[in-house]
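Just below sit the structures, each encoded as structure tokens.
Next come two complexes, and both contain chain A; in the first it sits with chain B, in the second with chain C.
And then the complex of A and B:
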């Protein structure tokens, strides 16, 4: 037990070290950092006007009012942002494998999966995160309990998005290049999570709770938030653990097929 | 005490073969053909602790693939390896605390940040406490003369400066064995010599086992005591550097350019190329001392440029094959993978 706790503590320290380090690296180019952050926030904000116009004509869409849709937008943006701020390599593992860039991670005394996934940050994702949180606060105001619940959903959703993307990218070990699959999965997840759940047909909704788990990122949290009953909360934890485990096992199996490479590589 | 032991270590890469052009691509889509490429073929080797070993060979010979199997990056197709008594695959994390590695083509320093930031992160990864880190960091900064480089972003360092930082970074956790894969690649003569001196000093002062791969014959002569030459994934020669120098490294190549038309005619040397203003000659130092030949060349006219280099590794390997009655094998098409 103490060994497991020790391992968790060590990896938490590594995560914190990478977080600080990556933040320092993106700050090297302050103007670019600020432009990407604000650019992404403005890009996302433009969709609010679209929804505002829709809701001026109808009071609800598939049972969702304007505030509900904004909840989806705030949560999906913040969760997507957190996934790529904290686990920036979740969407680029395929390239890392193909270009033989796993070598430095394999040479270090850390779990390779964890080491790879949290060793990078995506600058524009800071904009997504900030946008999601600000949008939530503007629509729902600041109530500490509810805000903490929202942040909890952001953390769980971020972990799920990162795990799902990472699992898809891991298929590169077996297929040669899985970037198209990963891109498709991401687009599905984003598209599914931005519209009221009931506008989708049953087959799509089945997908939202399995292959492209957008349902666990936004719709289950939305139901919990609306009803304030935490009975479904374990479902979110299970979804996270399942995807994390799936990605981890695929990655471990795939490592045996890793072929490295001779491309000149620098770490940025 | 053994630092490294391999037993019939083999790595085969399965690669897709395709005819050129669109027709080839379409055909490969429906009927893909594969070919097995032997990067390493049954290598047996032992390296003692504290030894400085040169593991050399031409491009695609299997040097990097061997190193990657010894460090746990690649899974061998067959055979086995132990480093410091540990299986590099099963005990990868344990082994990582005890070995270091520098890949000339792959940086472990962050491109946009100063080296000291990367050192600090690596100290965290190797779980050094503050006191251990400060002590080691200070010693390495002094040994590698890094004081002026520590706060400069890596992207602004010269290649030689970056390699010094890379080697220092790989030594932070006091590895017992260090794998240096082409550390002098792309460096100029002065930077190469500096890196070679540092490697020799590291072995002398800390007793670190050095496993150095290179395709530069100069690296072996100046740093190593033992050399293993590998070609097409097989060990061609395993000798002391002294023996290698005596048997195969006696030939130097001199390229000389004159300010005016000059006829180069020196007894006891082989001319491989000559024009009105320049010549390229091969000197066997067993037949004629180098300084004598250089002095004669200088006496023939006003020299505007002169370079002295080692015989290319490919020619040395061809010479070894010739001696063993297997002439021509070194010229076979390259089956290596360059991984």
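And then the complex of A and C:
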């Protein structure tokens, strides 16, 4: 038991160190960092204009009012942002494998999955995170309890997005190059999580709760948030744990197939 | 030094045989681009799949909205869904002239192009046309199939109008390419010009792509109609869903004016920018 706690503590320290160093690295080019952050926030904000015009013409879309759609946008953007700020390599594993850059991680005394996924940050994802949180506060205001609930959903959604993307990238171990599958999964998840759930038919909704888990990233949280009943919360937690576990096991299975290219690289 | 070589081409006295010769040269570039991109046709499969996903999502959205009543009289549900298919097709078949020009200027690669026997801008444009035609073929096939299977034909649509609609689609894509080129060339002065492109792409997306201009409130609609952005995707898509020769002539005329203006602007910006290129070393 104490070994497990010890391992968790060590990995938490590793995560904190990566976070600190990644942040320091992006802040080295402060102007570029701020430009990407604001650029991404403005990029996302333009869609508010689209929805505002739509809602000038229709009162509700599939039972969603303007505020509900903004909740989807805020949560999707913030969760996507957190996934790529904290686990920036979740969408790059395929490239890492193909270029033989996995070797340095194999030599380090830390869990390879964890070590790879959190060793990088995506600069523009800071903009997504900031946009999501600001949008939420603008639309729903600041009520500590509800805001904490929203942040909890952001954290769970971020874990799920990172884990799903990383799992798709892991297929590179088996298929040689899974970048197209990974990209498609990402587009699926993003596109499906930004529109009211009920505009889609049953087959698509089935997919949103299995292969591309947009349902667990935004729709279940939205239902919990709207009704303020926590009955679905265990379902959300179980879904997160299952996806993380399956993704981890897939990675372990794939890692056995990895062949080193003996590439000598320096990680700066 | 390089500039003299580059501009030597421009000082030549123009005549019809020379013009045809030049045109043949750039047609050859288009052909080469087509051939080289066709060799990697599988690369477009993922883009086309993404296009299909977006079309599906937008069709689902508008089907649901129209199930509750018609928000504006100008578009029926079928017309609105076909509008989305066409606008997305035009936008997603674009080439990345902005990125190509930015990279060339920032890396200094443009210096190698200055002494080649072609105009660098027209060369890039011809390269882009090849890529756009292939993407358009892929996206067009998928979009048409999805439209016919999931929506059904547009009422009153005639195959005879395909030619003018095709011309308007090409006009929109060319206009987008020219405007992108103008922004890409700003790399001569701006170290990071991506912000300009972000703003531009949002203007294209919001002012006449995601929504037809008829959806905008009165005054905004009038302003938007004067801008070039709706004529990239909205113009061709509106023709597709409600064709009239009058509308075609108006769309084509506005596209022609904006294309001419943006070409002139791109040439002026290029000439001014290329004066700043210093070629060192051997």
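Definition applied: the second predicted complex is superposed on the first by the 261 of 268 C-alpha atoms of A that agree within 3 Å, B and C clash if a C-alpha of one lies under 4 Å from a C-alpha of the other, contacts with A are read in each partner's own complex, and residues count from 1 in each chain.
The working rule: a residue touches a chain if its C-beta (ideal position, glycine included) is under 8 Å from a C-beta of that chain, and two chains touch if they have at least 3 such contacts.
What you see is a predicted model; the values in this text were computed from it and never measured.
Enquirer: Mind checking chain B and chain C on superposed chain A, clash or fit?
Expert: They fit side by side.
Enquirer: Just to be sure I read the superposition right, which of the two partners does A:49 touch: chain B = first, chain C = second, or both, or neither?
Expert: A:49: touches chain C, not chain B.
Enquirer: Quick check on the superposed pair: does A:107 touch chain B, chain C, both, or neither? Answer first, second, both or neither.
Expert: Only chain B is touched by A:107; chain C is not.
Enquirer: First (chain B), second (chain C), both or neither: which does A:183 touch?
Expert: Only chain C is touched by A:183; chain B is not.
Enquirer: Which partner does A:35 contact after superposing on A: first (chain B), second (chain C), both, neither?
Expert: In the superposed model, A:35 contacts chain C only, not chain B.
Enquirer: With the two structures laid over each other on chain A, which partner does A:57 touch: chain B (first), chain C (second), both, or neither?
Expert: A:57 contacts chain C only, not chain B.
Enquirer: According to the stated criteria, A:191 is in contact with first (chain B), second (chain C), both, or neither; which is it?
Expert: Once the two structures are laid over each other on A, A:191 reaches chain C alone.
Enquirer: Return, as a multiple of 10 degrees, the angle whose vertex is the Cα centre of chain A and whose sides reach the Cα centres of chain B and chain C.
Expert: Computed angle, apex chain A: 90 degrees.
Enquirer: So, does A:5 touch the first partner chain B, the second partner chain C, both, or neither?
Expert: neither
Enquirer: Tell me, in angstrom, the smallest C-alpha to C-alpha distance between chain B and chain C in the overlaid model?
Expert: Closest C-alpha pair between chain B and chain C: 7 Å.
Enquirer: Going by the contact definition given at the top, which residues of chain A touch chain B in one complex and chain C in the other?
Expert: Common interface on chain A, chain B vs chain C: nothing in common.
Enquirer: What does chain A use to touch chain C in their complex?
Expert: Residue positions touching the partner: 32, 35, 39, 42-43, 46, 49-50, 53-54, 56-58, 60-62, 179-180, 183-184, 187-188, 191-192, 195-196, 198-201, 204.
Enquirer: Where on chain B is chain A touching in the complex?
Expert: Per the touch definition, chain B meets chain A at residues 13, 64-65, 68, 71-75, 92-94, 96-97, 101, 103, 105-113, 117, 121, 124-127, 153-154, 338-339.
Enquirer: In the complex of these two chains, what residues of chain A are touching chain B?
Expert: Residues in contact with chain B: 10, 13-14, 17-18, 21, 24-25, 28-29, 100-104, 106-111, 115, 255-256, 258-268.
Enquirer: In the complex, go through chain C and note every residue touching chain A.
Expert: Of all residues in chain C, those touching chain A are 45-46, 49-50, 53-54, 57, 60-61, 63-65, 68-69, 71-72, 192, 194-195, 198-199, 202, 205-206, 210-211, 215-217.
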